[in-house]
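Dropping the structures in below, format is structure tokens.
Here come two complexes built around chain A, the first alongside chain B, the second alongside chain C.
Up next is the complex of A and B:
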């Protein structure tokens, strides 16, 4: 999986590409923790190029969401492909996360 | 958040006590989210007593024994206990025979979540099996086709009552499909079973020293029977004279006296050890000594906690080629050798493929360890808490 981070409108954004599974969670978890530790608890994870997600990866996002909210922020997801969206619906985590159609919308939801 | 959990919990030997134990163990660590936890557990036999160790910073726990396996008034007693506890959310750790091995107490008990919902509480259920996939005969119910049909009808009605609560979690994707497709449910979610053991960096020893040991673990006599395992063991003995078979666990509450009958029936088979009830503290040793963990199931009623435990200890497994279990193995990334259900020769062959091939044994054990440690139950508990927060927002 390829990982690329950026900051847009002062919001840290993580772009993931490929399979997001148990073997790939550590750098994502580390990135989210670094942002929260640096008092940047409003994050966007762009899943546009993720074609597979497993329960460990979902759990990593849940942990990130929890930490962000504990710090008064949130974790927004965006641009889910259909196979990934199905997993979110199956686990009903689509109700727990704020999921947006595009990265721009996910950022705008933070910046107003 | 104040949570009440209706569950079995050791030292109770009721079904799902192990899952209840581990789930509670991690709920208690979530003091940042949970302010109070009330365990609504089954009453112990005379002289028995619940005791939970307290740790600094952990969630305060109140234990309220308020129901009894097989009793008819469990729903009312649990409601009274919930009303006294005033929780924000009530979580049930349930399977279809949680409240009794007879149809009426089992059914009445399963109406408890609906009753609580009607009484104004937010209610969630972790449902370990669904009626549609239970082999009633193997599970200790039924007997003739007409009775089975009636039970299934009542099962469908009970399922509708269960689905009336705020959230129903199941551990197998197929269950979500069935509950959504057949019942039109909109509140069902998939929640992984999770691993009981805390992950460590090193893969445990998949091949311990000592005699090669086949172990099976559980509550036996309904759909988990050991007859073919003992027969398979006897078939393996001529070329594996030191092979041990350890049958770890007790009778299922629905099959009292089963293991005693097995011991008598197979008294002539040597190197078979019956451990009886395995206390939590002995679980690591029992799994640690095993070369392979066998699942001599005739049907399944949901995700297998024992499979996750075996994975947590880095063990190779032999499994029946049954729909749910085979599906679970694939979906959750486990590996094992498969055998034809109810076929002792096939089971013996699958054990042979493991114990005679150390590289395969290590391959399966390591694979299962990775799968089990992918998602510890600690993180599964977080999923539930996130969902509870959503329920409370409504």
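Up next is the complex of A and C:
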């Protein structure tokens, strides 16, 4: 899995590519922790190029979501592919996360 | 030394002196430089101008008193040659003996070196023995081994009369690491104080490890044969270290496997050992854990004069953390069902979420949970599905339907309110709650079993008993996976209305 991070309108955005599973969660967890520790609890994770997500990866996102919210922020997800969207729907985690159609919308939801 | 040798050769000296006395000499004397080593007879008469012969091979001087120098000088020279060669032979014999003893010593040390490794010792004791023998063989003050693994602290072991500081060893190791073709370093400002000379050779252990054997402070200098000997000792140590590592890994693996087996037994014993008979319903439930302990649980609980409760849960992840949280979740759920007169499934799930949100958050996990309540008399079913799948309802007349979860898993949001839904079942209806270990089973080409195959399997076997239907499901995924290893727990509850 490839990981690329950027900052857009002061919002850290993480772009993931490929399979997001138990073997790939550490750098993502580290990145989210780094942002929250640096007092940047409003994050966007772009899943546009992710074609598979497993339960450990879901846990990692849930953990990030909790940390962000504890610090008064939030974790927005965007651009889910169909197989990934299905997993969010099956687990109903689509009710826990704010999920956006595009990166721009996910950022705008923070910046207003 | 010469005096000692002369002592052992005294008889020969006297015999030679005697032959001189017979031709008229008064005394025969042997000198080493200016000092008299011996004379015969002890009180023999000395003349002011003896015949004097100087050795060509040593510092020995022979004086023959009381003979005419001109007549006897050639014979005297022969006598001295004889004495010289006798004494030289003795000296040579002595040094050969010393060399023999030394070689014997080294052989014993080499033997010890090989023997040290035949016993199954811990790595520190093994290194201790190996280094001791290496120092002995190379005749140095001390030695050390240093192992540098990426992301781990340096592993240093040393043996010697005066131990070096870790800094000294790091300096030596980094000098060698810069150019592993260079083995010896002499003090020329580059070595830390206290190190006169150092020889380093590499220890062949695992590829990603930089490992070296160092020995230091040899009297004189290290020679090329020393490097060769050190390298062969290092090869030996490397092989033994590798063995010791493998041995330790094997032990750790066995320990882990034993713990995993115990964990799996505990986990299995927490699940219902039998399913109670329920009038009006044919119920079967079973769970097969994956090789690694996992996080699935299920239960079927009869309550007097209340609907039967059945539940399935799946804690995210695998291994001990998942197994521990699964045991907690299951225990709290069972206690809640038994001790609190809940009438709706979501009350149980609310309770689980409130009780466990902190624990789940601490370890960054969550759990899907399905709780159903069914009244066998009225066939009324109410359910709460917290992110769990697959749940399939197969009406007596009609295709199986996948029921999607209505709520998020437990352990995700604090204070979340879960919901219950109800429906009425009819005779021959099928209701199945499984875990994602079924649909997510992969075949050799990575394709998943999926929900459609699951529904098809249920549609096909629906006339069978609950137990047979469960068995057909297991058979279908096992066949699909080509008997590959089971990657996730597989759990299923099958309820068939009679």
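A few remarks follow.
Here is the rule we go by: the second predicted complex is superposed on the first by the 112 of 112 C-alpha atoms of A that agree within 3 Å, B and C clash if a C-alpha of one lies under 4 Å from a C-alpha of the other, contacts with A are read in each partner's own complex, and residues count from 1 in each chain.
Throughout what follows, a contact is a pair of C-beta atoms (placed from the backbone, for glycine too) under 8 Å apart; a residue touches a chain by one contact, two chains touch by 3 or more.
The structure presented is a predicted model; accordingly, all values stated were derived computationally and were not measured.
Partners chain B and chain C clash in the overlay (superposition on chain A).
When the two structures are aligned on the shared chain, A:90 is found in touch with chain B and with chain C. When the two complexes are overlaid on their common chain A, residue A:37 makes contact with neither chain B nor chain C. Within the superposed three-chain model, A:22 lies in touch with chain B and with chain C [touch as defined at top]. In the superposition on chain A, A:59 makes contact with both chain B and chain C.
The clash between chain B and chain C in the overlaid arrangement falls on one stretch of those listed (45-53, 189-197, 225-233 or 261-269), that is 189-197. Residues 22, 55-56, 59, 62-63, 65-66, 90-93, 95-96 of chain A contact both chain B in one complex and chain C in the other. Chain B contributes residues 32, 167, 173, 176, 188-192, 332-333, 370, 374-375, 379-380, 382-383, 385-387, 389-390 to its touches with chain A in the complex.
Interface residues of chain A facing chain C in the complex, by the touch rule stated above, are 22, 29, 55-56, 58-60, 62-63, 65-66, 89-93, 95-96. Of all residues in chain A, those touching chain B in their complex are 22, 54-56, 59, 62-63, 65-66, 70, 90-93, 95-96.
Residues 314, 316-318, 361, 364-366, 368, 386-387, 389, 404-409, 411-413, 436 of chain C are the ones touching chain A in the complex.
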